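Next up: some structures, all given as C-alpha cells.
One chain, chain A, appears in both complexes that follow, with chain B as partner in the first and chain C in the second.
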Partner chain A sequence: MPLDTSTYSLGLLRVDGRRWNELRRIHAQIRTQAAADGSSYLEMGHTKVMCVVTGPTEPGPRRGGNVGSAGGAGAASGGQHKDAEVLVNIVIAGFSSVDRKRRGKGDKRTLEMQSTVANALAASLHIHLFPHSQITISLHVLSQDGSLLAALINAATLACVDAGIPMTDYVAACTAGSTSTYAANDESADPLLDLNHQEEQELPGLTVATLGETDRVAVLVCESRVQVSRLEGMLAVGVDGCKQVREILDRVVREKGRKMIQEGTVERGTGLNDMDVD
Partner chain B sequence: MASQQHVLLSPAELAYLHDSLSLTPPLRPDGRSPTQYRPLSAETGILPGTNGSARICFADGTEAIVGVKAEVEKTRRKWDDDTIYDENKEETREEAEGAEGSSDWVELTVEIPGFRDDDSSTVFLAAMLSEALLADGGFVRRLVINRRFHWKVYLDILLISPPLSYPLPLLSLTTHLALLSTRLPRLKSEGDEDPFFDDDWAAAPYLYPRSSNKKVLARPPVTLLVMAVGNNIIFDPAKEELAVADVALAVSVGDVSSSSSSSSSEGEEDVDMTAEEQEGRKLRLLSIRTVDPPSRLTPPGVPNATNSAYGHAQVGEGGKTKQQMPEARAAESEAVEGVWKPPRGGAKALVMAALVQKTLQRGGVADEVFDALEGVDLG
Partner chain C sequence: MPREAEPSLNEREFVLKALQENTRLDGRELDQYRPLELTFGDQYGVADVTLGKTRVLAKASAEVTVPYTDRPLDGIFNIATELSPMTSPAFEVNRPTETEVLISRLLEKTVRRSGALDTESLCLVAGQKCWSIRVDVHVLSHDGNLIDAACFAVVAALRHFRKPDTSMEGGVLTVYTPAEREPVPLSWLHSPFCITWSFFGEEGEIALLDATWLEEQVRVGSCTISLNKHGEICQIAKLGGTPVEAVALLQCTNVALSRAKDFSAFLDRKLAEDAKRRDKGGLLAELSAENDR
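Here is the complex of A and B:
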C-alpha cells in the first residue's frame, strides 16, 4: 500500500502530524529490573524496547552460535581475549508488529542488528578494562513502529550506563529520511527526522548514531536507495537528531541518579558537588 | 533436562539446605512458609498492540511479559462431515457450542534470552504450559466463531530477566493474567456467514467473560511448581531449594467452573453464575509432570569414615582399591547423617498423594493462588 506522501507539500506536516525536524515522544527509564546488572526501557513513539545487561562476567558456556559479538581478539572461544566480549541478543516478540510474525533466532535482519549494536557499543565501552570476560546485552522488542535499530542502540546505551560499565560517552541513535523517492522532485525534497513505520516503508532512510555531543558518527546504516545529493542533508538532520536524543538520555540518567542519592541508595560522591541535588 | 542450571553449592552446603528443608516445619532460606509464594507485582493490558498482555515481576527480580494475538482462521472440516452449509437454516446456539476445538488453534512459544529456540528446556516449558491450557478442551472451545471459522491464538511468552530460578511458575502466572485480559472483537455476523466484526474496541468482549460487577467468571488454568524434600512439600521453590529437591513436579490446576461455563458465547456478558460463586471454587487437576531437578547432578559429599584426609580410611591392601575412587564409592554407600547424597529414584507414592491433596484441598495452595490472582486489577 503506497503511502500518500504527496500531501506533505501542502501543509508541510507528516502523516503523524509532525514537522520535518521533530522527534517522536521519547520516554525512557533505567534500572527497571532488579535482578539484572543493568536494565532499561525505552519508547520512541510506539517502538518499545527493553534491555537487560549482564556483566562483565566470566564467560559461561556458549549457548547458541548465533549471537552478535564484538570486541576481543578474534573469534577464539573460552574467553581468552585481551578485551571483554560484547554479546548482543535481540528477541523480537511475535506480538510486536501489527500482524503476528515470528522471527526465529537465525533471522538475518536480527543477526545484522545484533552485530551492529555489538560493534557500536564495543567501540564505546572500555572493554580493555575487563580482560577474559563478557558483557551480555539482551534486547527485547515489545512493539515496533519504525526506527527499531536506533531504539535498540539507545536502550543498550542506557542499560550499560545503569550497569556501571565505564564508557567513553553515550551512543545516541536516530533515523533520518527524505520526503521523496524520485530524482525529479529534487529541489522540493525535505529531509525528515525520526521515521515511523509507515515512512520507513515508503521513503529512503538511514540510521545514524553519534558519540556523545560530538559529530563523530559511530553507526551509519542505510538500507534503501537514495540520491547521493540528498545523503548529506539526511545525515546532517540525523546527527542533529542524535544530539537531541543524547540530551534526553542524559536527562533520564541524571534524574535517576538524583533520585537514588535522595533515597540514599547510593552515597553522594565527592565529584558530584557540581550537581545540584535539592 | 529442563531445570538444569549451574548451582554453585558445595556438598556441605547442599546437605545443610537439605537438612533444614526436611525439618518440621521446614526452614526455607528466604524465610517463607512451605506453601508461601514469592511476593510479586503484576500488571495487565500493558501493550495496546495485542489482544491481551501481562507482565509479572517476582520479588527476586525475575520478570516475564506475555502477549496474546488472535487471528481469524478457517476451520478445517472433518473428513466425515457431510453437512451442507445452508445459509437459510436457523442455527441454534447449542449446535455452535457443540463444536469441538482443536489443539492446533493455540500456538505457544517461550523465549528465553541466550537460549536457542530448539533448546530442550524452552521446548519442555512451552509443552508444559500449553498442555495445561489444552488439557480439558475448555479453552479451545472458546475460540469457535462458527462452524466454518475459529480464532487462532498466538501466545508469546518472553522471559525478560536472566533465568535466576526455574521460570515455570512465573511464566504460568503471567500467561494466566494475559489470557484473562484478552479481548476479541465482537462478532456482528450471524450463523455460518463469513465472520464480520464490530470495529469498536470498547465493545469487544473478554475471552474469559465477566459479570456485570467486573468479576471474572471463569479462569484459565495455572501450573504450580512443587517439590518434596524428605516428607516435606514445598511450593514455589527458589533455585537453591530446587538444588536439593528429592522430587520436583509441575502440577496444573484448573477451575472446574471454567469448563462447565465454557464458550458462553461472545457478546453475552451477563451469564448467571451466582450459584457457583456461592459454592466456592471447584478445582480440578489437569496434569502432572515430573521435572528433572538439578539435584541429581550435584556432586556427592564424602563421609569422614571413608575420607583419607581425616585419617579414617583403612590403609592397607584392602583399602587400596577403595581409595582409588572415593567419590564413586560414596555414591553407592548408605546415606550418612549430614553428608550430601544426590537423590535417586522416583517419587514416593505417599509423597505424591500428599502433594496432590495439599494442592487441591479447599483453602490449599491452588485456592490461595487463584484468590491472589483475583486481586489483580484487570483494568
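Here is the complex of A and C:
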C-alpha cells in the first residue's frame, strides 16, 4: 500500500494525522504483575508490549539447546562471570500483526532483537553489583504497529526500574524516518518522528535509543537504504524524540511512586521532601 | 560447550592503556585496516579474503528450483554462514551461536535486503522455474572483524560468479553448459560493504576500525555501517553496548563512506585483473589447434 505523499505535502500531515515531529500516544504502566520482581506494560500507538523482569537471581541450569533465550551480556557470556548476565526472551504473539505469521524459536530477527535489548540494558544496568547472577527479561509482543524494537527497549527499561535494579539512567528509544525514498535525491525531505507500520514499510527509517537526557546513543539500527546526507537529520530528530520518551517514562515512574506512598505500600523516604505527594 | 579463553586482566589493561595513548598493539593507525587480500578460485564465484590473520572463503552457486508461491516472479537468494569448530572451539556444528546469528543477519540485511542482487532477473518461468543463488560463507580463521571480511567475500564472490546461460524457446527451457555458451554474470545493482567501528573507553570515546580478536574481546561496543560507493547507507547496526555520542557516530559514518569507496575500487581492480587472466583472446584463440612449442 503506497503512502500517499501528495497528501503529506498538502497538509503536512501524515497518514495518521500527526505532524512530522509528533510522537504517537504513549501509555505505560509499571508493576502490572504483582508476583513478578518487576513488570511493565507499554503502548506506543498500536504497538503493545508487556514485560516481566525476574532477578537478579542465582543462574539457573545452563541453557542447553534453548536458543530462545540467547543474549548474554556484553563481554561476559559463559559459566562464571563477575557481572550479572542479562537474558532477554521475546515472544511475539501470533495475533500481534495483521497476517498471522508463525515465527519459530530460531527466528533470526527475534534473536537479533533479544541480543540488542540485552546489550543495551546491560550497558545501563549496574550489573557489576550482582556477580554470578542473572537477570531475565521476558518481553511479550501483543500488538505490532511499527517501532517494535523501540517499544521493547522502553518496556524493558520500565520493568527494570520497577524491579529496583540499580541503573545509570533510563534507556529511552524511538524511531525516526525520512519522507522520501532513497531513490529520490531531493534535499527538501522532511525527517519524521515515530514511524507506524505503514510508514516503516514505505520509508527509510532508523531506531535510536539514548541514555537518559544525554545525546549518547546506545542503540542505532537502520534497516533500509538511505542517503548518508539524510542520516544527520534523522538522527537529530530521533535523539530529540528519545528525550521526549524519557520524560514520559519518568512521569510514569514518578506517578506510580506517588500512588504507592499515598496508599501506604511503601514508607516515604527521606530524599523525597521535594516531591509533592499530597 | 568449550568457551573462548578471555584475555587476562593484565592483557586487557595493556591494550586499553595503549589505546588511551592512541597506540595499537600492531602499530596501526586507529582508522587503518590490516592488509586486505582477495584471491579468486579457478571456478567462478569463489572468493578467498584475508584480512590480517582473519580468513574467510565465500562460494556462490546456482541451481534451478521452483520459486516461493508468494513470490512467483522472484528468484531465490540465500546467504549461509558457517562458523565451524575449526575456527574456534567455542563454535559448534549445527548450533548457531549468537555471533553466527548476528553475522548472518547483518549479511542478509546488507546484501539481500538492500537489493544488491536483482532477484527478479533470476526468474526463468514465472511461478515454475527460477534460479536459486546461494552463497556459503566459511570462516577459516578468526582474528577479529569477521563481519567486514565476510561481507567483502560475499560481494566479491557474487560479482565474480557466472551462472549458466539459458534460453526459452516454445515453452522449452534450455540450460546451457559452459562449453556450449559462455556463462553470464548476475544482474548486480550495487556493491555494499560493511565497515565496523569498535568503541573503547568509559564513554566509548575511542573509536577504531578493523579490530583484532583481542581488541574485540575488550571493546565496550561496536557499530557496523554498510554503505556503497554512491553514499547510500544500506544498514546500520549498533546493537547495544556502551552509549556513544551521536556526533561521533556521524563522523564514523563519513569515514566509513570513504573506506567503502576504497573497498569498491579495490574490488573493481581485482575483478578486472581476474577477467584479464581468464581472457584467452576470444573463441578463435580458444579453438585454435596451434600449440606453443
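For the reader, a short list of remarks on this structure follows.
As a convention for this text, the second predicted complex is superposed on the first by the 255 of 278 C-alpha atoms of A that agree within 3 Å, B and C clash if a C-alpha of one lies under 4 Å from a C-alpha of the other, contacts with A are read in each partner's own complex, and residues count from 1 in each chain.
Heads up, the rule we're going with is that a contact is a pair of C-beta atoms (placed from the backbone, for glycine too) under 8 Å apart; a residue touches a chain by one contact, two chains touch by 3 or more.
Here the structure is a predicted model, which means the values were calculated and not measured.
After overlaying the two complexes on the shared chain, residue contacts for A:Gln33 are found with chain B alone; chain C is out of touch. Between chain B and chain C, C contacts the larger number of chain A residues. By the touch criterion stated above, A:Arg18 is placed in contact with neither chain B nor chain C. In the overlay built on the shared chain, the residue A:Val52 is in contact with chain B alone; chain C does not reach it.
Legend: residue contacts after superposition of the two complexes on their common chain; A:Thr116 is shown touching chain C, with no touch to chain B. Of the two partner chains placed by superposition, only chain C is touched by A:Leu235; chain B is not.
In the superposition on chain A, A:Lys105 contacts chain B only, with no contact to chain C.
Comparing the two interfaces of chain A, the one with chain B and the one with chain C have residues 67 in common. Chain A contributes residues 65, 67, 70-72, 74-75, 77-79, 106, 108-109, 111-112, 115-124, 182, 206, 210-211, 214-229, 231-232, 235-236, 239 to its touches with chain C in the complex.
Contacts from chain A toward chain B in the complex involve residues 33-36, 46, 48, 50, 52, 54, 60, 63-64, 67, 89, 91, 93-96, 98, 100, 102, 104-105, 136, 138, 140, 142-143. Looking at the complex, you find that chain B touches chain A at residues 6, 47, 49-50, 53, 57, 60-63, 65, 67-69, 71, 109, 111, 113-117, 119, 154, 156, 158, 160-162, 164. Chain contact summary for the complex, chain C toward chain A: residues 3, 6, 95-96, 98, 101-102, 104-105, 108-109, 113-115, 203-204, 217-218, 220-221, 223, 227, 231-247, 249-250, 253-254, 257.
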